[in-house]
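Shared between the two complexes below is chain A, which has chain B as its partner in the first and chain C in the second.
Presenting the complex of A and B:
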């Protein structure tokens, strides 16, 4: 009985401690591991993980005096993570709609808004999603698909398209020409 | 009350980062040997000589090459002319399992055509960063662990693939000298 009583007190306590962690993990950080099996079929695979620990450490460690350090520091400040998975294939049809759906179902969740959707046979398809926490942007996801390519970029934290454009080509974020895509989409 | 104290204590203990010793480098080298059934070339003097030689190489090449010359320590293991046949997805999982949580996987690239795998891990080392670069090709492999200054960390973050390759190239230039 005493043990049961202890458990009754301990369990809610554990839940209280664990719950915020679970809620935080559910924010803008997408689960991309469902795409890992594509690495076996791809000709080229890139997997980037810049988590919050690295972001914080980089922001703390990098100085404002040096131009290189300042540039990266400004980019990572406020961000909580950058995750990229990119696959290039020799042949078309190596990835399926089901693979894409594992990502799309996550960005259809509450708070997510599709900002850009461009379908082009020449330049590929680009879908850009933003997660809003109240009025603040909590994260971003880009799904870029071509016949022989699939790339997912997931940025956690306050980010906009301008910052994404600055991140392109740095910190492992591929150059997806989002700014150009955005302009074309606006026309 | 005891239960609450135990939970608080457990939370405190788990929040303290566990700093790995130098064994991680050796563990990775051993893991590669076991996974691919290969043997690395023993270069016992390299750890000591590496720093000096890398500085010399950096002085000779200057500018762009000066990536690891500020590093506090360099460890290099080279595997030459051996077959690296194996499932790279399994290799990656085994590699992640070998390294403890203090190492953060930063970037992994796999090129199917050239059978080249690149793995870069980072670990906080006070006011610097430890970087572990593992490159596996069809017949050769290299494992380099170096300590990066803030500036070199910035360069690595800006251009992970390019800087990672430079680190390996510089370390293996030392090997050839």
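Presenting the complex of A and C:
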């Protein structure tokens, strides 16, 4: 009788405690704080944390007249956050595979799909992961690793990849003519 | 004879005894089915425990959400990146460098929008905007590598590896 009573009490408690963890696991927001210790070793660190509230505030300052800003505004509409951690080191081997695994284990979770994996000795490796909620994109993660650099980008929310591609050539990135290539292929 | 009534209820009872019998007769044992005390008294302990655990979980969730919301916006750190050629606006960026101290340059713009913001909100929005642009710049930069690589690996002519039939 006592055992049954204990089960009745402990089971709901376990479920209630586990619920936020499960909810968080399905969220596209990755926990990047495990990389924070690398800031001490890095020569330069980028740490961007723009949550939904800040995103909305920033979107208000984006002009509709400027084509670049209009593009960014359209892209960030509906997004719930953008988080970046980037570390540049003086020497190679400052970060370990265990550091990368803390990110990879999260993007191996349910809903996540590895879209692209590019490996280059000269230019580094890029892994792109997408989180699908039903048929919609719910988030994006980019993991860039190079001997002296580690960058993780995490976009939370419905990312429009076409709009993101259109930003190439803007924001200081050389135009890779994705759209033009498409048009030429159509011809 | 009168004592026999008290012994085995035979004979004539005394009026005093008869009166006592009538008065106490209401308290006489009356046979009825047994009622267990458990069915009458309900145990509320499990319900109370469930309610308490729900409350505890709600409080824990609220504390967690609050701490999460408070901790995230306080971090506004970014490095200096090469200036964007198409953006005229000066960028308020902070440098976190081993040898350098933090620098922040914020210049207000968009006067029509700024009137709707308080000074603090506007500064926060400007920093957020710069962080947003920096994040997108980094993202597109890394994604461009993929495009570059996929362009390099794609064969120049799609019919290169095809064999003539016939």
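The rule we apply is simple: the second predicted complex is superposed on the first by the 119 of 187 C-alpha atoms of A that agree within 3 Å, B and C clash if a C-alpha of one lies under 4 Å from a C-alpha of the other, contacts with A are read in each partner's own complex, and residues count from 1 in each chain.
Assume contacts are C-beta pairs under 8 Å (C-beta built on N, C-alpha and C of every residue); 3 or more make two chains touch, one makes a residue touch a chain.
Being a predicted model, the structure only gives us computed values, none of them experimental.
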If we overlay the two complexes on their shared chain A, which of chain B and chain C does A:36 touch? Say first, second, both or neither. first
Kindly classify A:124 by the partners it touches after superposition: chain B alone (first), chain C alone (second), both, or neither? second
For A:53 in the superposed arrangement: first (chain B), second (chain C), both or neither? both
Regarding the shared-chain residue A:133, is it in contact with chain B (first), chain C (second), both, or neither? neither
Decide which partner touches more residues of chain A, taking chain B and chain C as the two options. C
Touch check for A:63: first (chain B), second (chain C), both, or neither? both
Using the touch definition from the top, say if A:96 reaches chain B (first), chain C (second), both or neither. neither
Can you pull the chain A residues that chain B and chain C both touch? 9, 13, 17, 39, 43-51, 53-54, 57-58, 61-63, 68, 72, 76, 170-172
Touching chain A in the complex: which residues of chain C? 45-46, 49-50, 53-54, 56-57, 60-61, 64, 69, 72-73, 75-79, 81-87, 96-98, 109-110, 113, 116-117, 121, 124-126, 128-129, 131-151
In the complex, chain A residues that touch chain B: 6, 9-10, 13-14, 17, 36-37, 39-40, 42-51, 53-54, 57-58, 61-63, 66, 68-69, 71-73, 76, 90, 170-172
Chain A - residues contacting chain C, complex: 5, 8-9, 12-13, 16-17, 19-20, 39, 43-51, 53-55, 57-58, 60-63, 68, 72, 75-76, 82-84, 86, 116, 118, 120, 123-124, 126, 128, 142, 144, 151, 153, 155, 164-165, 167-168, 170-174, 176, 178, 181
Report the residues of chain B in contact with chain A in the complex, numbered from low to high. 3-4, 7, 11, 87-89, 104-113, 122, 124, 127-129, 150-151, 153-155, 157-161
